[in-house]
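When the chains are written out, they are named A, B, C and D in that same order, and each has its own residue count from 1.
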Amino acid sequence: MNAMLELGRDVLARQPFSGLLGAELVSFETGRAAIELPLRAELHQQNGFAHGGVVCYLADNALTFAGGSVMGSAVVTSEFKINFLRPAQGERLRAEADVLRAGRSQAVVRCEIYALQGAERILCAAAQGTITPLAAPRERG
Amino acid sequence: MNAMLELGRDVLARQPFSGLLGAELVSFETGRAAIELPLRAELHQQNGFAHGGVVCYLADNALTFAGGSVMGSAVVTSEFKINFLRPAQGERLRAEADVLRAGRSQAVVRCEIYALQGAERILCAAAQGTITPLAAPRERG
Amino acid sequence: MNAMLELGRDVLARQPFSGLLGAELVSFETGRAAIELPLRAELHQQNGFAHGGVVCYLADNALTFAGGSVMGSAVVTSEFKINFLRPAQGERLRAEADVLRAGRSQAVVRCEIYALQGAERILCAAAQGTITPLAAPRERG
Amino acid sequence: MNAMLELGRDVLARQPFSGLLGAELVSFETGRAAIELPLRAELHQQNGFAHGGVVCYLADNALTFAGGSVMGSAVVTSEFKINFLRPAQGERLRAEADVLRAGRSQAVVRCEIYALQGAERILCAAAQGTITPLAAPRERG
């Protein structure tokens, strides 16, 4: 495993919520990140699909990691939008995020969330958002 | 407890992911919904704040419930955007969603997410999205 | 007319595109801005309503002015989202923008766009976005 | 010129606002559309770049045309979000929109807006939105 992926996994391991959900950083390089999440009943909504909040978690986190890959680890997702395209169901979900443009003050990132079932891969959501450097404590407080 | 709130709580109780997080529907009337979530360490990111995915879960679900309050329970969040304004920390989070405009094919809803600590209430995120009727199985498949 | 409104009108007057459309800054105070636009056939789409691009122009500009009212005039709209609620038709459109939260690095602003016809006022779109300080030339180049 | 492009150009020609701005539909096929706009001083904001409203117009219209290419001409942009990446300057702007997913009730579309100067092509904005069938008059009224 390369050093950058190892670093990213350390960050993810320090997020208790990512542990509760069971997310795995599967790819992390300059300008891109991919996070996967095995699905289980606890992550469902009332119709047996992954809850929208689970899909949002993946989008939010993949966007942040992709932005952090070019801006450093002290970043936050400032905002994003997500469109849900199909019910999220299968063995696992996979979020892939790619930086469209990075500057000193922000990175703009897109993300696609896929449902994986065997060899099949279905696009189930698409997101776009802004990653910014973590502001000084006074600013965020 | 009124019949509408009871109905809404039944729906929430059938969402395993809402149970995993510990969300409570605290208000549900025509055109509005409020969901609260007691914070605990399992819901944090690496800096001790609620994870962005937790805040997104609340926004997504409150938007859906508010939309459902005017369109019926068979609805989904089609899309939304969220801006994170301040770190989400405190005893609990509270999402309040209000319908801006509802028609036959969609409801547009806004939501604010507050961090509650004692008597204090801090706005920490704002969302806006579209709720649509759940399409027939063929459409969503 | 107060000094702040006068300042804002000077900025608007230096935007050729705002002149082409005929926009007027009708209110400008700390944390808020309102821009109006008399409708005419040139601003229509094919069904006789104001073109979505006209509504977007108003949202974009009102968001920027509201953000600028708290951050200074050297700001840009970094991003926004807009939901169209009803066809935009009437004598004029009016965009009202209010700052939700302003810090040193960004302001988050909401905006509603109304169609005005006589005494009637119909909500036809809602927007939410981020205003940031204009970056140094090297950053934006 | 193929029949589909001709049809699309007829629709654009019936939008007075597109005529005022000078937009040209340069490509139109199933699932995609590209619109170009020669820049001139009238379309600027106060710093000599294309006004954000001009960029939004292009995004909005390209999204609608791409959605309409798979759903028929009676469609509207229901909502979209846009991130501005760089100042929009050059000889012309070009918006390229691609459908991510189309169903009976909506199409989700992404769009990139480029500034063109000679052989150079610079990405200056990215958008994502939802196209829906034009509702019956009672619904939209």
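Assume a contact is a pair of C-beta atoms (placed from the backbone, for glycine too) under 8 Å apart; a residue touches a chain by one contact, two chains touch by 3 or more.
None of the values given here were measured: they were computed from a predicted structure.
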Given chain B and chain C, the chains that contact each of them = A, D
Chain separated most widely from chain B, comparing mean CA positions = D
Measure off the straight-line distance from the CA centroid of chain A to the CA centroid of chain B, and report it in whole Å.
-> 20
Centre-of-Cα separation between chain C and chain A, whole angstrom | 32
Centroid distance [mean C-alpha coordinates] between chain D and chain A, Å = 28
Note the residues in chain D that touch 2 or more other chains, in rising order.
-> 78-79, 81, 83, 86, 108, 130, 140
Using the contact definition from the top, classify how the chains connect: line, ring, star, complete or other.
-> complete
For chain B, which residues are in contact with chain D within the complex?
-> 78-79, 81, 103-106, 108, 130, 132, 135, 139-140
Contact footprint of chain D on chain A as seen in their complex = 81, 83, 85-86, 100-101, 108, 110, 123, 126, 128, 130
Interface with chain A, chain B side, in the complex: residues 11, 14-21, 41-46, 50-54, 56-61, 64, 76-84, 86-87, 140-141
